[in-house]
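The data blocks that follow each hold one structure.
Shared between the two complexes below is chain A, which has chain B as its partner in the first and chain C in the second.
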Partner chain A sequence: MTKEELKGAGEEGEDQAQSKKALKKAQKEAEKAAKKAEKQAKLAAEQQSTEEDDFAKDRYGVSPMVQSQQKLDRVLVRVQELTPEKADQLIWVRARVHTSRAKGKQCFLVLRQQQFNVQALVAVGDRASKQMVKFAANISKESIVDVEAMVRKVDQKIESCSQQEVELHIERIFVISQAEPRLPLQLEDAVRPEGEGDEEGRATVNQDTKLDNRVIDLRTTTSQAIFRLQSGVCQLFRDTLTNKGFVEIQTPKIISAASEGGANVFTVSYFKTSAYLAQSPQLYKQMCICADFDKVFCVGPVFRAEDSNTHRHLTEFVGLDIEMAFNYHYHEVIDSITDTMVQIFKGLRDRFQTEIQTVNKQYPSEPFKFLEPTLRLEYTEGVAMLRAAGVEMGDEEDLSTPNEKLLGRLVKEKYDTDFYVLDKYPLAVRPFYTMPDPSDLKYSNSYDMFMRGEEILSGAQRIHDAQLLTERATHHNIDLEKIKAYIDSFRYGAPPHAGGGIGLERVTMLYLGLHNVRQTSMFPRDPKRLTP
Partner chain B sequence: MPMYQVKPISGGDIKVDLPTCMYKLPNIHAQSDSGSCIDNVLQNGEVDPALKALEQRQDEILRRLYELKAAVDGLAKTVTTPDADLDATSLSSAPVMSAPKEVADLDSLLGKDLGALRDIVINANPSSPPLSLLVLHGLLCQRYSVLSTVHVHSSVPSVPPKLLNCLGPRHPDSYTRQRFQLGFTLIWKDVPRLQMKFSVPNMCPIEGEGNVARFLSRLVGLEPRDPVAATLSDSWVDTAFFQLAEGGGKERAAVVRALNAALGRGPWLAGADLSLADVVCACCLLQTGTSAASAPANVQRWLKGCQNLDTLACINPLLQ
Partner chain C sequence: MALRELSSLEKFLGLKKPNKYSTQGDRKVPVLQSNSAPSLVGLGTIATHLAQEAKRPDLLGASAEERAVIQQWLEYRVARLDGCAKEDIKTILKDLNAYLEDKVYLAGNHISLADPLMYYGLHHIITDLAVQEKEKYLNVTRWFDHMQHYPGVRHHLPPVVVLRNRVYTSGHH
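And now, the complex of A and B:
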């Protein structure tokens, strides 16, 4: 009722204006229609003309979706291989459109393939028509194109591209897969060094945007370099250890009991009961030693249900774990592990220099320094160095993160190394299975390794004697029932052994001097992120 | 007289409707009250008793500070010139040389032990191995229990094995660093000048092989006790590094002549015993490729004597 009344009132008021308004409206519409007709005529004329004189019609276009209709024998050249030796050859390239810039009768494209890019040019001429240039200019960024082009040497180096000495003169261009015109983030913005953006008023992309659109972020030169280097770390780790006679093993990730105490484990439902995600493959590594595999390593995911949102904690990361039986002294194991690390560092230094330089462009850092053989300091020495620097701490106190950093700086100052081992930790701050020091019960046969002042590996000689293990477990108030299987594995003769594990992401981060472990995890998992 | 005057931006007489719900404060813009305290003092000729008390307190503090300064000055006079009455002429005749060389106390030489291994870190370039320091290392090992380690820094791609083994075989106890009195860590590194680091917070790095040699020689008592001989030895160390090791052919020939003359006067370069000067000069001569045969007679005899010493034997593998 009320609504209708109101409506009625409104209509009454409108009635007066109706005639004038209608008149105006009609006039406008007429104008519009005229314009439209004109435009359409023009467009039609244009189209007609294009259809008529576009001699290059079949030299460009959007290819039908590749459904493996035909198997072409066409050789596609890698952008990386475009060097002056290829000059004046007609070649095919598949690449992404990195940028495009049209200028009158020509259009410059930068074609990108992983971290390599090359300048390409479409210009009106006897091979390309005006329409083809227009088409090329309208290809959205990040689209994938097939291009047939002549390689030409350039007089002046193209500073903005990785292939600086040649450019491509495009003769055919086909879009294989089109990108949406609006990108969630621009690649140039994502690789801009921090701080530079602020100065020039240019955008930088924040971490969360990058991680939300990880697929695009991973295309940047920096990300490409980081993950290529990370793959190198894994490769070198495997190669070095295999050469040393280690055996690669696989361990279960769903386990029935928490491996290191009860805290920080993810519970998963397991049919009618529940199970846990492995926090470390340690027990299984040790069982393999007891089963006479002598030297083992494994590479696999490790889960930690720690609710810490720091730059170096992830809830799932890749663990590179080593366990090794030794003859008489656990330093045999330290020597093995540190030598493996040094081989990795050397391999990275010698084989991945381009990647390191690329990452340095966005995240500048000092090159990673190390000594061979690795420097080994003892815990008491570390504490003494800290005390000399004015830190107050107890003999048996664990190192806090700031103290670890400070000690890293002090060690670097004196020995100029970013990698060192701190040996003989106090027994009180280590897990129950750590072997006590034979001469001083306050200390233990355990060690941490540090890169740029941050802990990357924590390891120890493990107790391989069931009786001593039971004693130590009772001392730590651990329910013996829960670790019965673990203790039992040492009852039938066990070789003395030691080991440790490193986190792949953390090692990559610290080697490159990055400041967040999420940058070196392809799809990071932390307490606040489960996707993508 | 004020420097310049500016018209008030807002008049002090603006009427503002102030809410009554809160407490009141005097208007800070109002001119009438400003500087009232000083004005009052000047006009009335009376000083606030609180101010007077403050002035008295400050005077008292100043007086006590002056007293303290005088006391410290007096103390400083007696401390800084303890042997002002010592006769300088008796110095050279003092029978210092006869004093037996007892094992130097590391605590007194290097400062109190804080529980850490006292580690001497030497960064040396593999292109010019510091021979004299290797000799001194040998002497250190005779006197103390020394943990010797050799490392290669990442700035150097690789070094020949003879440089890796230049400090001799590994000590059987090297797995416990705490058992040693002294650490000797040699790092082959791409450095322009040899460098030694000892206590980073308290001591700046020592640069140059000669200076490091001086530091180490004091730990092994190789420096002559007699001040005259010590000065002589010191000057030979400089000569050795600046003119023998780094100098040209002519300079070197001149030094060899000077050595010959000096060795005509005694068996060793400074004093009656082997000193740092002998070690350093011999090492520099041997490193530049001077063979004993081509040298003048006195140098020849002396160089042979040096090479026959056990302490210099350790550099032989590096000379080949």
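And now, the complex of A and C:
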């Protein structure tokens, strides 16, 4: 055969092959189409059947957004109140879906409201249809639901819930606010104790992730407990001092001169000049004393531009400050402050046990111990104790943080207390407005207070004499012009006075035995964090 | 350093006449020169010789096993402990702590040459430990405190403070 003939034969063959190919292709497509049609028919049939069989259609679903369309006269029961006393009652609850798990014809849900949660169940029966159970199982975690259910007593305690003796049998369930299905962190991971996470290979959430998604992290039982307790600290502080006759004052936070020294202060632009954010209410507290308010306290933000990235420093925190005029000796003030602290500790111990136990589940710690009256050691005694333990330090040297912590352990071992006062610090390490000791110029009438070995309060008798104040300021190389208004306030009769300030976040952290102040600050600020 | 140590060792052994030592090399290895015998080089070798000279064979071990253990510790002192890097200290303390968990002395049930020599070698490390670390390596601290109070051992070294009670409870970090 010639080439052309071959070619021709090939082409013909190709044609044949092509038509064979085309045939096959057509066949495949036909099959595909047939399958698709079958599927669609099946779906349609199913849907029809589901719509037909769904007798519970009105008892579940996603509610339209609550735009205050109506005033429903409906009582919503708190999860906390779901106890055996409510057994066999039909009640409404609004809570979050903590978990939902389908098991055949049933769906188990855990409904959560702040620190409390309860088991709930939707079961196929005369009240709920298959579709309703499916719907419940598919509700995304954290969605807010309104549930009408029968409260039933259970035979076996439900260990994993706060409400252990009852269970809800759901008759109606509506989604009020849906959560996006992919959460940035899982709540059960966020409350898992760290050790457990490592051991069983289960996830825990690291602090940065928690802080970046603070809104969700704050929903955990631990966070709810921490901040309720913190609110208690603030309230006990106010109540105790008010009962002692103190007046609450508000001091300005935008000020013209740095109060504690120029290094760690934030500057803000103030119209045509600049101003500073107050590092403490110190100067204003004292001016109030000179203005005859006698005993004052204030609760407000404190701004420290310290580039310290430690477990206990924030750039903004809440300061609880006290200032008090006294009669003859500044120990009158120390006694008042320590008594206030003791009242706070007692109040927390007596009224916030639930919260303390909740926090301990994730962060175990020893209960906070204190003595009555509060232990007060002199600085020289503290130095002696440290030297006896092998630490070398000078008489007028300030305590470094490791030494403070070691001293805390030594005091705990010797006196069995987590709270104590160290009195008569060396003058050289205190601010210029500290009153020197009358009998020994190396020391001063100043004191620090410690919780679990960490400093929570720094205080002193203040110099109330304009001349001495000027001398001390000059000695510290402070520009007198900048503090003229401050010195002037002591020129027209000033009572002897003393005081101190504590950090709300630090006190909460140390009381609970936590290890990072960011855990006790709702939206913490540090050199690396400005949001949320 | 080694020379002061050897002089203390002589006092511990009750040797009346102090020997004269010299050193050789950059690492200042001690040498004991003798007229009648070849000179002895090395801390372990000299220490063993001194113990024999002082007629204290008990310090060198009663059984063959004990003798071997004591020599092993002398080796350890010179080869692993002296001049060790900072990173190794943790491992050394950890191993020693595990070893001393059920022992009062490094070898056998009585003091041997290994104990004072290891005490001299460890002194600078233990001096630098914080209270918390001393409690972490509790057995080492216990043995060390025992050695520094043992009659005749301490001599040229300052005492290290060891607290009587534990200050860091087990749950602390």
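Everything that follows uses one rule, which is that the second predicted complex is superposed on the first by the 496 of 532 C-alpha atoms of A that agree within 3 Å, B and C clash if a C-alpha of one lies under 4 Å from a C-alpha of the other, contacts with A are read in each partner's own complex, and residues count from 1 in each chain.
Convention: a residue touches a chain if its C-beta (ideal position, glycine included) is under 8 Å from a C-beta of that chain, and two chains touch if they have at least 3 such contacts.
Just so it is clear, the model here is predicted, and its values are computed rather than measured.
Peer 1: Consider chain A as the common anchor and indicate whether chain B and chain C clash or fit when overlaid.
Peer 2: Verdict on chain A: clash between chain B and chain C.
Peer 1: Where does A:A203 make contact in the superposed view: on chain B (first), on chain C (second), on both, or on neither?
Peer 2: Neither: A:A203 stays clear of chain B and chain C.
Peer 1: Give the label of whichever partner, chain B or chain C, reaches more residues of chain A.
Peer 2: Touching more of chain A: B.
Peer 1: Would you check which partner chain A:P373 touches, where first means chain B only, second means chain C only, and both and neither mean what they say?
Peer 2: first
Peer 1: Applying the touch criterion given at the start, work out whether A:P402 contacts chain B, chain C, both or neither, answering first, second, both or neither.
Peer 2: Once the two structures are laid over each other on A, A:P402 reaches chain C alone.
Peer 1: Using the touch definition from the top, say if A:A123 reaches chain B (first), chain C (second), both or neither.
Peer 2: Neither chain B nor chain C is touched by A:A123.
Peer 1: Return first, second, both or neither, reflecting whether A:A257 touches chain B, chain C, both chains, or no partner chain.
Peer 2: neither
Peer 1: Let me test your reading of the model: by the given contact rule, A:F345 touches which partner, first (chain B), second (chain C), both or neither?
Peer 2: first
Peer 1: Give one of first, second, both or neither to describe whether A:A388 is in contact with chain B, with chain C, with both, or with none.
Peer 2: Both chain B and chain C are touched by A:A388.
Peer 1: Between chain B and chain C, whom does A:E413 touch in the aligned arrangement: first, second, both, or neither?
Peer 2: In the superposed model, A:E413 contacts both chain B and chain C.
Peer 1: I'd like to know which partner A:P364 touches here: chain B for first, chain C for second, both or neither.
Peer 2: second
Peer 1: Between 56-64, 110-118 or 128-136, work out which stretch of chain B sticks into chain C after superposition.
Peer 2: Clashes occur only in 56-64.
Peer 1: For chain A, what residues appear in both contact lists, the one with chain B and the one with chain C?
Peer 2: 388-389, 410, 413
Peer 1: Flag every residue of chain A that touches chain C in the complex, lowest number first.
Peer 2: 364-366, 388-390, 402, 406, 409-410, 412-413
Peer 1: Which residues of chain B touch chain A once you look at their complex with the stated criterion?
Peer 2: Touch list, chain B to chain A: 114-117, 119, 121, 123, 149, 151-155, 175-178, 185, 187, 189, 197, 199-202.
Peer 1: Could you please specify the touching residues of chain C with respect to chain A in the complex?
Peer 2: Per the stated touch rule, the residues are 130-132, 160-161, 163, 165-169, 171-172.
Peer 1: If you look only at chain A, which of its residues touch chain B in the complex?
Peer 2: Where chain A meets chain B, its residues are 329, 331, 345-346, 349, 367-373, 375-378, 380-381, 383-385, 387-389, 410, 413-417.
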